[in-house]
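Naming follows writing order (A, B, C, D, E and F), and every chain is counted from residue 1.
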Amino acid sequence: MSYNYPFLALVGQEKMKIALILAVINPALGGVLIRGEKGTAKSTAVRALAELLPGQKIIEGCKFGCDPLEREKWCDECREKYEATEPVEVTRRRPLVELPIGATEDRLLGSLNLERAMVKGESVFEPGLLAAANRGLLYVDEVNLLDDFLVDVILDAAAMGQNFVEREGMSVTHPALFTLVGTMNPEEGELRPQLLDRFGLCVEVKGLLNPDQRIEVINQRLQFEKDPKGFVEKWAAEEKRLGLRIEKASGRLDSVEVDDSALGRAVDICLKLGVDGHRGDLTVIKTALTLSAWEGKPIDEETIIAAAELALPHRMRRKPFQDVDFNVRERLLVASE
Amino acid sequence: MSYNYPFLALVGQEKMKIALILAVINPALGGVLIRGEKGTAKSTAVRALAELLPGQKIIEGCKFGCDPLEREKWCDECREKYEATEPVEVTRRRPLVELPIGATEDRLLGSLNLERAMVKGESVFEPGLLAAANRGLLYVDEVNLLDDFLVDVILDAAAMGQNFVEREGMSVTHPALFTLVGTMNPEEGELRPQLLDRFGLCVEVKGLLNPDQRIEVINQRLQFEKDPKGFVEKWAAEEKRLGLRIEKASGRLDSVEVDDSALGRAVDICLKLGVDGHRGDLTVIKTALTLSAWEGKPIDEETIIAAAELALPHRMRRKPFQDVDFNVRERLLVASE
Amino acid sequence: MSYNYPFLALVGQEKMKIALILAVINPALGGVLIRGEKGTAKSTAVRALAELLPGQKIIEGCKFGCDPLEREKWCDECREKYEATEPVEVTRRRPLVELPIGATEDRLLGSLNLERAMVKGESVFEPGLLAAANRGLLYVDEVNLLDDFLVDVILDAAAMGQNFVEREGMSVTHPALFTLVGTMNPEEGELRPQLLDRFGLCVEVKGLLNPDQRIEVINQRLQFEKDPKGFVEKWAAEEKRLGLRIEKASGRLDSVEVDDSALGRAVDICLKLGVDGHRGDLTVIKTALTLSAWEGKPIDEETIIAAAELALPHRMRRKPFQDVDFNVRERLLVASE
Amino acid sequence: MSYNYPFLALVGQEKMKIALILAVINPALGGVLIRGEKGTAKSTAVRALAELLPGQKIIEGCKFGCDPLEREKWCDECREKYEATEPVEVTRRRPLVELPIGATEDRLLGSLNLERAMVKGESVFEPGLLAAANRGLLYVDEVNLLDDFLVDVILDAAAMGQNFVEREGMSVTHPALFTLVGTMNPEEGELRPQLLDRFGLCVEVKGLLNPDQRIEVINQRLQFEKDPKGFVEKWAAEEKRLGLRIEKASGRLDSVEVDDSALGRAVDICLKLGVDGHRGDLTVIKTALTLSAWEGKPIDEETIIAAAELALPHRMRRKPFQDVDFNVRERLLVASE
Amino acid sequence: MSYNYPFLALVGQEKMKIALILAVINPALGGVLIRGEKGTAKSTAVRALAELLPGQKIIEGCKFGCDPLEREKWCDECREKYEATEPVEVTRRRPLVELPIGATEDRLLGSLNLERAMVKGESVFEPGLLAAANRGLLYVDEVNLLDDFLVDVILDAAAMGQNFVEREGMSVTHPALFTLVGTMNPEEGELRPQLLDRFGLCVEVKGLLNPDQRIEVINQRLQFEKDPKGFVEKWAAEEKRLGLRIEKASGRLDSVEVDDSALGRAVDICLKLGVDGHRGDLTVIKTALTLSAWEGKPIDEETIIAAAELALPHRMRRKPFQDVDFNVRERLLVASE
Amino acid sequence: MSYNYPFLALVGQEKMKIALILAVINPALGGVLIRGEKGTAKSTAVRALAELLPGQKIIEGCKFGCDPLEREKWCDECREKYEATEPVEVTRRRPLVELPIGATEDRLLGSLNLERAMVKGESVFEPGLLAAANRGLLYVDEVNLLDDFLVDVILDAAAMGQNFVEREGMSVTHPALFTLVGTMNPEEGELRPQLLDRFGLCVEVKGLLNPDQRIEVINQRLQFEKDPKGFVEKWAAEEKRLGLRIEKASGRLDSVEVDDSALGRAVDICLKLGVDGHRGDLTVIKTALTLSAWEGKPIDEETIIAAAELALPHRMRRKPFQDVDFNVRERLLVASE
């Protein structure tokens, strides 16, 4: 058995952590894009977060991971089973799917089950990774090196909450509501603007510069490598508490209030920063709502600005050859003068 | 069940809306190309419009969606059924087909049904998306990123009102009369002129700059996301009325009159703006006819100019590296001086 | 049933029309290349011309469209049938084959009939579009975007009057005598000189600049779109007369006389205009012969010059980056000074 | 039945004609490369020459075209037949193989007979065009547009007089002694020097500039097109005489004498013209030998120079971007000063 | 039988040797990248080192090379065998796997056993080279010429200690804990920074400049080539001793102590040298630990610097076009001034 | 039956001849790369040399050409036969394998015997050209035009004396000890340095400039072409003597002595000429040893320099765009001043 490094044992990188937590609380935010130099624990953080989430309850045997409680969204198979009054049992599954390097379109979208097609002459759809990610996390490492076409497919599914496959004479639609997490090192190539814009949040990670923090990083890591089991157990209670807090925030999401002055502030910020289209406004507001649910306090000026810092860096207008700029707060000050 | 955002709940973007409505009233206009920056609800508008159209009446079981009333255009299968005095029943289907990203030529044009070919040795044609789009809308997102060859095929079918397939030893022709809607972000590459010219209308969408409108956009969207069902119901009556008005305009189309002075004005505008070929003239006139049917009033000077604004932007002569220019009215003024 | 726009209802574009007519009267001219900007009815003209030609008489069931009257050119199957004293019946087929965009080499040249090859172990040749075009028109739209290799194959077949296939162990030759019509928009790329030279005639089409003509174009088109059947019927008698005149000219072709002074004039023109090789001389003379047959009067100085205007534009020497120049008459004047 | 234009009816182009004749008399010369602008009857000349040659006598049914008289060079099948005292009958075949555009490596080299391999499990070699060309002419049009790899294979076979295939587990060698004729238009790309050097002779053809000759060209062509049969018959006797003269020269080849002063002159010329390697010297001498056999007179200074004019143009050292230079005689004069 | 050159008979190249030894003692270091000019015995060294290691004890017949002693990491098959109380026998295998040039993704990752899939309809995973390398050395020559995608896969497996395959409908995970050794000649292209960073250690080899050492190199090599068996035997005892010392150091690894001042020194060095991320710090410390275990003495200042020399060269910030710089010690001095 | 030109009848080109002879005497030298302009008898020389070597004695029916005398190196099949006390008979085979242009990786390395795999379900290895070349010559013409990957495979096999195949689930190793001869015309592209370095010797051939020698070349060639059998017989005795002398030198190889002063001289030369790595030193010494065996006299200063002239040209450091420089002797003089 292998052990995952605990989320809370990660030193620093607070913005990345809060972005991941918010994206998990509210999948409608549209996921997170984590940008940063090599060796900054991006992958470790994603795997660690998935570990502390409760596995989703799914209908046992369901290839799409249908939620036992939302009967109106069930896939055809679950529905048929239920209508045939077959027993519908519930199980839990790990809420993380990683896109392996070199995964094909087939594996991602699903494909015709060739074996059954050849042997029995039936056209049976074999769900892919988008189905496996339903109601969980989909993690795409080095998303900037992925074929544009596949990124497009993933973002489309993430936006619609469903996967729509039209191939080899099949036409299948199934739920695919997941929190997308992408990581990339911008030194190795950028995403095209159209794709950037479709990630909900965007954070930057950098190596820590404080020597004490760096020593702390090594110390924790050495301890973990020496005795992974013990290390994980030491953090277990705190991790569990975090998981519960996330679940609670998620439940609180629908009751958070937002008034027109908050909306006005979000619009004002987007206009000042030269954000194209309306996705920026909307994401700032939805991020503020989620932050409010997480912190358990109403939306105020600071909530909006904190939300803007996560929702706008990749949407601000840039000059040619200028890199994505994460100083949202600073640019707002300049724009206000 | 999933809900679509209502067409009338879209804030602003009046030119895009009227272009879509006209293209639906009169499929002979040659469709619409919507150009604009990211996050401007292009896709939402297309899906919303399709939702308020009455599903087309088609012959049940017909793969090409034949119209029960136009017997002389029926496909061979419908004709044979009828002649064999089999019952020909009528059903309705959703009038929107979206071209999925990465759809293949096979899926678009139709292909040999391999299963039957292998098992029974019969060459049976399996119709594709062009057949499914017959008498409805075909929506191609990011049309500028599609392979030139496929765009060509789609535009050819749109122009001829039929799809002509010569492959794998098959030679099939079937009706494919649809309203083509393409969207594109010109930042990500242009269509070649030959293809641009073959879209009937062309509009540009930009993010709204008025803060109140932007707040309105967010408010509507948040309401929709919170309670899609309620939101859709709120707009239902008004949407239905719009659907009926479109149908009525469509029926009125044949009786609109156009006189030589209108033709002269259209030709005059095209010559002034340096429009190549004759497709420009003709589309201005046909757009004016459709506008007149929609507004229920005769064609006048303003109708022609409004039509030119939709029919000519992508056909005016450009300097190298100059982008498509949407200021038709302005250029006319300059040219008239 | 769908209707084609009548050839004679086309407004203006006289050079294109005469070139098409001559190419049809005398397939040995080597076809026509029509060059021009978008929206100038190039495709409409080709389809319209094909409509008014009498379908060719062919032996029923013959895949190569053998001519019942020219027994010495029959394909093997027809010959065998005849020798076995089976009945050889005659039918007519539409004399137009359009190369669909994306047609493969297989579909063009013909291919092994895989079905029969697999089921019965026989190598049966399945003729392609070149066979279907035998004794008719082969229309290639956007010929400059076609793969060089396929253009080469088509021009080879056109020149030899037969198609010679060496593939997959098959070696088949069959008659493929057709009038080739290619259209292209030179803005989108040029043909290489070797291929240009092998088209017999070459004309340029431009949008009309006369407003009255343009109004006329729209008026005709609107009438046609409103009532295609009535429109076609209105032109039917005149179209039929044109068809007969073409047939008559075709019959007269063999009896036209050409004397050495005409040859001398053609050679003189080619030398003056810097035409490479001998294909230019020969085509001028053959075009003059065909013109004489069409007009029913002997060849004179004007006939030669009119022929040169159709046969030489694409064969005159050009400077680097200079476009094909259609001012044959003008250049002759300059050269004569 | 179709007719070929007669070789002797070709007007002018004497160098091309003599080069073709010499290459046919002596296949060991290494073939001819004909370079020239479009429309100069290059293909017509090759086909015409093949027509007047007597078909080669071959063993009936032999896929490699074995010569009945040269038993020691027979292929395995012929040998086995003979040893089994089966009757070995003799037939004639047309001595021209044309490489069709787009011919594959398989078709050129030969390939595994898949049908027999699959049905009977036998690995049977299906000979390709190189086998068909054995003891005849192999004509490659537009050889400069052919894949380098295929040109290499053809030149290798031509040099060795045999084709050596190592593929798909087969290892086959068979005689492939042919006269290679390649044509090319240098405007469309050059052959790489290594390949140029391996063609024995090289001539340039240009359009005629003399008006009378050009009129003659048209006149002959028109006569041929009007009555191919009659035209061919008119030239038949003279063509036959030429065929016999070629055969006679071929027989005389072995008895021509060459002395050291001739060799010295050839070496001297090659050194003066800066010819790399020894293939130049050797080809000059062999061409002189063949010329002597053709003309029926001993080798003298003029024979050597005429041979050099055919054997050296493509072997003289060139400056970068300088084209192949055919003025061998002129450059010799300059070099001698 | 063939003989390998002994590790200890290699003249000079001490840094390469110690890096290889450390990487073998502690696979968690992340392998070694050896960079250097041609002809510097890089491959010989790797093969030589593998030779002196004791073959790993593995469970007989296990395709993944499971360790008999670590039952909790056994693959499913071993576990099932054990639980079925089948005998689990132990054998040894050679601890070196070389990636052959041109190895495919299939061969590397493992693939579906097609034979069994076709014959029996079972989906059986056929492990690849990553499985074969489990608990040994994986040697990749010319790693910079390998496809980026495959390098990524190898580094991923090396980092995770397991191989995760998602293809053709299979989803398999198996242990793949190996010491990765890559060699490259930087003259022939660089690895991208993201990949460089993931190699634990990095050394440079150069040809020796001392004539006596070079003579020694030749002498040894000549002796080996003349009598490989005798040569190997001569070095056998010393080689065995080295093997044991490596094993002992490996056992001692867990008990080496590291204090915060050492960590502080490592962090200090990384900050001074501008090393991105945290992988540098951590590798310096882990290398120091391994050095300490190898030398059997506690970590001091010199241990940290020696470790930095192996762990940091490829991680120091570079200017554009600047090559990897191996003068860690020197740059530290400069930075300290 | 076809005849090969005799080795000794080649005029001039002494360096190429001695390099070929040495490479054959001592396969451990690493083969020869012959560079030169077109038409310089490179191929003829290689084939001629192979002709005069005695065919290798091999075990009859062995696909790898095992040596009957070296039982410890036998392949598995030979070993099994022997152990089963089946008779092991001896035969001779021609010691030359030519890599045909376009040979695939399969054919070179060997591949799965598909027929047996499909019919009997056995995975049988079908050896390729590397197996066929075992203990003989492998001749690669135009090696610089070969795919880098295949050159790498060939050089790897040549260096290891064995071929190691990991493909399609097979893992096979077999002896592949051959003398590699590559030829190339550097005008058509260079080999990359890493590959150049791995050829043992390197010589340059140029056309002869002496007229008498050139006449001699033609004379010999004409004689050979006229009467190949007689020509070959004339040289037979002398060729046989050369073959025996090569065999004798080969036997003497192990007893040649080399002292440290010779080694010192070789190292000194390599340092002076800026040779990278140690392969240069070693090859100079091994070439000197082979020369000494060939000439039957001890190594002295001249032997070392002559060896350096063959072993170092392609290993000396070059400036960018500088070609391989063959003036080893001259550069040594300059370096000594």
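One rule holds in what follows: a contact is a pair of C-beta atoms (placed from the backbone, for glycine too) under 8 Å apart; a residue touches a chain by one contact, two chains touch by 3 or more.
Given the structure is predicted, the values throughout are model-derived calculations rather than measurements.
Undergrad: Which chains make contact with chain C and with chain F at once?
TA: Under the touch definition, chain C and chain F have D as mutual neighbours.
Undergrad: Could you grab the centroid distance between chain E and chain F? Build each centroid from C-alpha atoms only and quote it in angstrom.
TA: 35
Undergrad: Please work out the Cα centroid separation of chain A and chain F, and write it as a whole number of Å.
TA: Their C-alpha centroids are separated by 61 Å.
Undergrad: Whole-Å distance, chain A centre to chain D centre, using C-alpha means?
TA: The separation of the two C-alpha centroids amounts to 70 Å.
Undergrad: Which chain F residues touch at least two other chains?
TA: Where chain F is concerned, no single residue meets two or more other chains.
Undergrad: Make each chain a node and each touching pair an edge, then name the shape: line, ring, star, complete, other.
TA: Per interface graph, the chains form a ring.
Undergrad: In which sequence are the chains arranged about the ring, given a start at chain A and a first step to chain B?
TA: A, B, C, D, F, E
Undergrad: Where on chain C does chain B make contact in their complex?
TA: Checking each residue of chain C against chain B gives 1-2, 37-41, 98, 100-104, 107, 111, 113, 115, 119, 126, 129, 142, 185, 187-188, 207-209, 211, 214-215, 217-219, 221-222, 225-226.
Undergrad: Could you pull out which chain A residues touch chain B in their complex?
TA: The touching residues are 28, 72, 105, 121, 123, 149, 152-153, 156, 161-162, 164-167, 169, 192-194, 197-198, 254, 258, 260, 263-264, 266-268, 270-271, 275-282, 285-286.
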